[in-house]
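Below you'll find a set of structures to go through.
Heads up, the next two complexes both have chain A, just with different partners, chain B and then chain C.
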Partner chain A sequence: MTSPIDAPSSVRQDKYYLALPLGQRSPLRVIVDKRNLLVNLLLLGLLILLAGISLNTGSAASLSLPATLRALFGEGDPLDIFVIRDLRLPRVVAGIATGGAFALAGCLMQTVARNRLATPGIVGLDNGATAFAVASVVGTGISLAPPAMALTGAAVAAALTFGLTGRIGVRGYRFLVAGIGVGAVFGAITQLMLTRVSIDAANAAYPWTVGSLNARPDHAVLSLSLALLPALLAGIWLTRSLTVLRLSDAVAIGLGIAAGRCRMAALSVAVILPGLAVAVAGPVGMVALIGPEFARQLSARNTVPVLGATLAGAVVMVAADLLGRVLLAPIEIPVGIVTALIGSPLLLWILLNPNARTTP
Partner chain B sequence: MRVLTHCLSFGKPRSLIGLWLGLTGLLTAIALLSLLYGAGDVGPARAWQALQNLGTAASYDSEARFVTAELRAPRLWIGLVVGAALGIAGALLQAVTRNPLAEPGLLGVSAGAAFAVTLAILWGADAATLRVSVAQLGALGGCLCVLAAARLQGIGNDPVRLILAGAILSGLLHSLSSLILLYDQYTADEIRFWVVGSLAGRQLDDLVPLFPSLAVAALLTVILARPLAALALGEHVAIGLGHHPRIVRLLVIVVVALLVGGATAAAGPIAFVGLVVPFAARALAGPDIRRTLWLCLPLGPIVVVSADIVSRLVVPPSELPLGVLTALIGAPVLIGVVRGRRLPTL
Partner chain C sequence: MTQEAFISTSADHDSAPDIATQGLSLAYGNVSVIEELELRLPGGQVTAIVGPNGCGKSTLLSGMSRLLKPRAGTVLLDGADIQRLPSRQLAKRLALLPQQPHAPEALTVAELVRFGRHPHQSWLRQWSPEDKRGVDEALELTGLTTLAERPVDALSGGQRQRAWIAMAIAQQTSTLLLDEPTSALDLGHQVEVYELIRSLTTTGKTIVMVIHDLIGACRYADHLIAMHQGRILAEGPPHETVTTDLVRRLYGVDCTLMTDPATGAPLLTNVRRTRDALDGSAT
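== the complex of A and B ==
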């Protein structure tokens, strides 16, 4: 693995840090973009801030910020501790994990497809995962846990969409429309299953159909969090190849990158993560568009902001959930609707603005 | 004019009248089936008896009579009207955007109508008559968005991008509607069963307010068929033949809004019918819009009514929403069209 920018002298010192974590002579060299580092730190700070506000906001009891923090670390009034640690904290954690997962998947898929609009939601993955998850919840005789089922659904939908339209690296919009078709079929199947079951089972499956952080089954959050960390590491590992792969296969292969393998790896991550995330929060696929877009606007040009997109997705998810809880309180707007209301105009603008770039 | 007629009647040299009669016969058979079969207890034999005794005053099986005459017959009528309206609207919209994928449901026209109705109910309207005109206004808004997007640079030539934009617009309007339903329990109760798209539980009275606008739409369609056929040859040719493309386009949009708004008001948003029906009609009759429109007239009801029959029979005691079935039929057609090596253009 030799870097395309191998010699430190070719790295402009004012824009990058060159990190040599294993010593001066080690082959492991990490080039860190100064601007991206700053952006990531900024997003992390924003995420912590929003998570704090989210912990502090709710209908149960109005707590002061110090009281919230004390309750978070297990001190103070037992009721406060219960509200913060057992009710609000899991919600914030689930929001961070799902937002990060959707956005990371979106960033990888957009890069691989060379299309800003190619997010897992549009390609039909979310609906596929939802249909399978609902199938396991309403009990159609399949005894797999929702995360596993959602994962299977995402994989099936991805296989259908990409299988039906050929390779993913192709420019153009056809596979997106095929994805809409696949998504429509799975959406119809979801509806079909919901009409067949009793109202209780349908209510239990409801969060999966709109996208909400209300249900968040614990084991699903756990499996998502367990998958997110290695996925993020894999994404960061792939960043260098993906940066080149954005250009064209010929360039990438010429620079010694296994284009097919890299694409396969990125795509697998981009299919697994939404599947697991849907099992937690339902189809909140718009985060997969908003997060990477947000990160790309802030980051240095011509980089693939994998970490930035993940952080931005978590920020967007937590913020949208917060908004949904505050805006029409005491009614809670599901986070899926909030993100759709933010994301759709953005999507339309990218699609219809003749000057907007369609490649990420 | 004769030369033009000759030029336009290329394609499959099948007799239009023969095709039309065949399809109408098929439609009659399907309509009969829709009266005979249902989700409830009344089976085909009892329904057939009830149909035969419909004229006579003394009917021994009042349940079968009630089910066929009061439940299944209105459903059939609404299915016929909605199917014809959506099929023709699809063909017209595809002709005017010159895009074989332009489907009112996919492009957000139905979603516009549904959103307008949701808004109107939120603001206190509840009469059935108002619902029709409000839905038609909403559909007009959706149509104008489509037309504006189609005229944007680069979109007009790329059928697929237009569909994408329409799907996103639909999604946006759908989430706005969901937001309203969440916010306002009364509105939610009022339209919960309408918004899924279904023929179940509709009465014949729901059709009455539709008729004036549908009559206007039918008249305009007859007038517009010839200019549209000319427009298919290109703007310059149409102008040379004495037509006014802008006026034609505007009128077609109005017709589409009337048809889709009316159908949506009666049966809720139903997607994919406007895609499948003109697609089948073009496959049978060739690309001439006038032939296509004639065939859409029986084909639309065939699709909707048979989908409705299936929706009653799949899960016997309960029923499926009609929109689910049309999506199951239509999405593969959409994928098939998109997969084609060369996208057909109109």
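== the complex of A and C ==
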């Protein structure tokens, strides 16, 4: 049950709903921004639509939409069921989970660093995760990188970046530059390792190192999916504090926010998620830039669109993967290349557009 | 201060909380700014902390508002160590307006003032009738009701500062700390902000402000604390505290001291650089 808020002077009725799940005297009183609610519903609709198209698109079998849906629910031709449920559905799920994870991590890190360029990919976490994952492939000879290795890599890269920056209190561009350096080092290490392995192993690893949903190991998708939901809830829980922390540390502390703890929590999520997502799809870091940006442009200003960014990231990932499969079919363009093609102009636009705010 | 005096001071201001420091040492990294400071600020009054640049007055305010963790000693708010209070509990009792805060683009006055309710809210209880009352009152007190939907960055300097003060008022604390609330403002806007701050004492608030403007401090504060190199040179009501000697030791300038015929506040005129570099305390 929702009701308009009776405070025209301070909370405008036309901008917010006051959700009172237990009636007028409800102890639960949650403000819902109308615009953000609409945006999130639209993004969710778009995501479902794209997932549907993605399930229905492919070279293995040409299915009608009703047949696709029937196969999704386990009815119809066994071959169709196999194609939809065992081949395409895991890929769509992996796309949603990785896109959501990268974008949620990006949104949190940008907000904490107060800089729209501060995404896990740009500060070197994706490359760190990739290097560790490749190291495990090179070292053990198995083609699937365990998520734990990628996670370790992301954590090591984060520790290095924060270590170089001095302390956890993130300092805008210094943090970025240190991160870019760390990322470059790990990128070089990855390339070096790939030149040392057999050409077959390098070939197998290549799509994954540019970012692809082709290689996705099932256990990695599972770990990521299990982490994403609590991470999203944590992000939503942190939104109230982050909205104030955006202003300044001094203002936030004055308002009773444990700034350090809040930042640590947000950054932990922003390190863990890309680590697990890289284990699935490789470094598709641009999604962390595109997703939150997309959500911010649509959402009400001065809100931290945690849920919106997650949904938008999933939308971008699924759409980019679909494009990569369709554009030059039957040749598949890795999703990382598609997102880079979309993301790079966006990055330039953020850097060069004088009207674009650099703070998220 | 003797034990008797100590007791009588606190008894005078039973309702309004006072702030005291005990053996307070504050430092940035290895650079010590304040050492072993003993201080007691009167409740229910406006206290102005003045002193030259780098004297430690903003550092002291940071220590009192828990932005800076003391190296040693304690800050007591009504006898309670602020380091031991949970953040939200402290924020319900003590509000802080940092130096020249920036509002994000397009943030409206009402949205900014709503942030002041943060310590009174939780995720499950994001808006209550008390919140509405607090915000409405703060807007009214600061004369911003009609500007509530305007973006903060579209306001004049004085209005913008009033909006930030409104946020601190909405916090409904008994103590308010302000770091240089008037330093970036022209004369008209300064007076606008000073008069607002003065008017808040009628609600029984204890107000502590760090300011550069000694004349404004004399005019609008009940209690003056003059700091120099991390120490307190003088404290008390402005007309008893400010002397030509103090002004010379604080700022290295000579002046003629008069009493403002209109307000009775000390007035500095004929301010000029001290010829002989006295005790070298002028920086």
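Definition applied: the second predicted complex is superposed on the first by the 324 of 360 C-alpha atoms of A that agree within 3 Å, B and C clash if a C-alpha of one lies under 4 Å from a C-alpha of the other, contacts with A are read in each partner's own complex, and residues count from 1 in each chain.
Rule of thumb we're sticking to: contacts are C-beta pairs under 8 Å (C-beta built on N, C-alpha and C of every residue); 3 or more make two chains touch, one makes a residue touch a chain.
The shown structure was predicted, so the numbers you read here are calculated from the model rather than taken from an experiment.
Q: Would you sort A:244 into first (chain B), second (chain C), both or neither based on which partner it touches?
A: second
Q: Pick one for A:174: touches chain B only (first), chain C only (second), both, or neither.
A: First partner only.
Q: Should A:31 be classified as contacting the first partner (chain B), the second (chain C), both, or neither?
A: It touches chain C, and chain B stays clear.
Q: Looking at A:184 after the superposition, I want to know if it touches chain B, chain C, both of them or none. Which is it: first, second, both, neither?
A: Only chain B; A:184 stays clear of chain C.
Q: Give one of first, second, both or neither to describe whether A:210 is in contact with chain B, with chain C, with both, or with none.
A: First partner only.
Q: State the interface residues of chain C toward chain A in the complex, per the touch definition above.
A: By the definition above, chain C touches chain A via 65-67, 87-92, 95-98, 101-107, 110-111, 113-116, 118-119, 121, 123-128, 131-132, 135-136, 139, 145, 148-149, 168, 171.
Q: Can you list the chain A residues touching chain B in their complex?
A: 117, 122, 164-165, 172-174, 176-178, 180-182, 184-185, 187-189, 191-192, 195-196, 210, 328, 331, 333-334, 336-337, 340-341, 344-345, 347-348, 351-352, 354
Q: Residues of chain B touching chain A in their complex?
A: Touching chain A from chain B are residues 101, 106, 149, 152-155, 158, 160-161, 163-165, 167-169, 171-172, 174-176, 178-179, 182-183, 196, 271-272, 315, 318-321, 323-325, 327-328, 330-332, 334-335, 338-339, 343.
Q: Quick one: which bits of chain A touch chain C in the complex? Just the residue numbers, please.
A: So the residues of chain A in touch with chain C come to 5-7, 9-12, 18, 27-31, 237, 240, 243-244, 246-251, 253-258, 301-302, 357, 359.
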